[in-house]
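Chain IDs A, B and C follow the sequence of writing; residue 1 opens each chain.
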């Protein structure tokens, strides 16, 4: 098992390197001279050339990339064009906010969605099921940046219960968490429902019932664990969506997290910062997927025996 | 007086006029159309018929495990020791399932929960029905495993670590763990190799004798019937078409369908003889033929067979048949004994 | 005598099967889809939206109504004259929504086509040839998948510059992996079946086999994914326009309209509310149709 985890962990590394190359390549297509961006339009030709040499910008892109990656390995993500401070430092300062928000949103989404999905599946074709299914369908279709604005209109501007933005205290986290969590909750509900419906049809559920096991216990003990793999998978994917969705949510609620940092960096063409942000988010997403993979083994002994 | 009542309830389970339907999007599937069955204490009844005849549905009705929706028990009564099972609440039913009545399912590969250890799966029923704590139940489960010929050390393993035959033993261990009065075995050997089949049958026979369990053996294999059953019911399109003891059915076959079943078997004594399969296929259960459901495939069918539904004719104390040939002179079955 | 009759019987049976098969593919799916109320509602809404998109110019003129500013009549609440009110530049929101439908549907369809063509091609090659080619393609796809979709699209747009074409390319490229995966999976399940082996045995070229046998047979999951994919693409487009990286003003795009109204949330919330509802209805109906198609194309999943 440990060997498997190690192996999977090592497999994350080439993916991250690949991501860095992909994003580096894409960003390098940006028109305009990055040095001018750094030094401002009035900088003299000489000083521009000086910086160009220093950064190796006249060399082919592949050489530049290797320079970048060799620094990256040492934890150096370069210097922000805009703030002139190290990229890593800014990311470290902002990332916890994003991660915290994502984590709480996901937790709330799971706590709401899994029971709803189970209820919906066990009461298939009833009114409860229809209400849950339609709610989930709508929840999955709502654009979260719009939904966030609607929440601000009602709960912040209208009722005055929560602040409309910023990052001060728990109260300011409520609306962003709901915004981020709703889509995930809707999708997890749908997956839980369909996965449970699939499992409930299986022969071993009939066997359990034939033993005289109470219906509720059958669902809790026999069905849920078997339905968990697709649910956990979708939670992992939703985590990625949330990290992407932060770009919007943080903009809507003016939260100083990484999403905002990235949008601002893109607007000011702060290439090292954009690169740093995307690589960090992709790394986190890959690690989450790694955790999900390991989780599979604890859910299903068949997968565990393959891992050995 | 009391003995008379006892006498009456000697039969552990009795099914009367059971009708089960499944509703699909546009049709109603009539899976069981008025089945009557009776199994006496310690006896084994063979329920024989083609796939789709309604055997499994009949069996699941006894445990009230017809998936609903789409299935619904339309009519009828199933009594266990004189109590109508359809009067019980779900909770009361849970006390019967796995305790008084248990079932061995057809496919051992899918009948066990893949994420729970084999020992726990056996112990679960024991813990529920015998008021034991977890470790006591586990101990009993290990005993059950040994009883079906698996070392008790394997109780902590998961189903995927067992072969098909071993899994079926586990399923049998689960079914027998609470010494049920009635054991329903739904084609317990179809999914197994021939060599394992014999072992499993032997095992079931021994256990039945040990606990004086009644049994319903669902199968389409007449060989198994001859080996383990006392009585046989032949089922076709949701109905019992012929019922009798082994001698009645094997030596004194009356129904054309039963005859057809025997004729489809290869004859070991005369290997050159041609197989005579029954023509055609099972009728579409959403659209059963009028009259006798078997008439489109019956070689003796006359016009009346497509018009009038046959009723049960009693031929002897033990032998019943449901065919117009025994009610109406117009239909003739050449020769009394059908098999030459 | 008897033999002849049996032969006759078989022939007619074969003919029946043939007839049945020809009809079945499409009609069976349609028959099942028709029973799904939500899917049909979705389909009707999508058809209506498509009609609106095509006929947008008949409903409101682009130059004189949709983009022409009218400072005097700005921020008007919904009234009989402007049923959804006017925006911060005095433009009629309803007219802009109508033209926005055209933008959204176009971007959705084209970006999905881009993703489908590239992704489908890569997936088909990976699945069909297997081994090294498969490995290389799928590892590259893994890299794409490691970056959340919207971030990848944002990166591409920020590099290429904000224009409607770049937006379609960005959204398209970022969803290539999902099509590659689906097509690869269905190719893998089909390529060893008898009819493909038969085609190979009579000497068909690989490309012929891929185009005439494998692609038609892997269509079902692709159709479902594409339907849901259009919804995702519309959502991504709106999201990117919302943060200012998508379609630029004064072009009427739902996400951009919504973003424009943010400053006026308190006094003129209708500017934000209506475009959001338009996005939601479009996504919802596409999702409903997609779900319905999945159930109809794969009855065993139901």
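Everything that follows uses one rule, which is that a residue touches a chain if its C-beta (ideal position, glycine included) is under 8 Å from a C-beta of that chain, and two chains touch if they have at least 3 such contacts.
This one's a predicted model, so the numbers in the text were calculated from it and none came from an experiment.
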| item | value |
| --- | --- |
| Result of counting contacting C-beta pairs for A-C and A-B, higher pair | A-C |
| Chain whose mean Cα position lies farthest from subunit C | B |
| Interchain centroid distance [CA atoms averaged], subunit A/subunit B, Å | 54 |
| Interchain centroid distance [CA atoms averaged], subunit A/subunit C, Å | 23 |
| Complex contact set, residues of subunit A against subunit B | 124-125, 201-204, 206-215, 221-222, 225-226, 299-302, 305 |
| Subunit A residues touching subunit C - in the complex, by the definition given at the top | 14-16, 18-19, 22-23, 26-31, 137-138, 140-143, 145-147, 149-150, 152-153, 157, 240-241, 243-245, 247-248, 251-252, 262-263, 266-267, 269, 274, 278, 281-282, 285-286, 289 |
| Complex contacts: residues of subunit B adjacent to subunit A | 63, 65, 67, 69, 90-91, 94-99, 102-103, 105, 107, 110-116, 121, 124-125, 128-129, 158, 160-161, 171, 174 |
| Partner subunit A, residues of subunit C touching it in the complex | 38, 139-140, 142-144, 146-152, 154-156, 158-161, 231, 235, 238-239, 242-245, 255, 258, 262, 265-266, 269, 272-273, 275-276, 279-280, 283-284, 287-288, 291 |
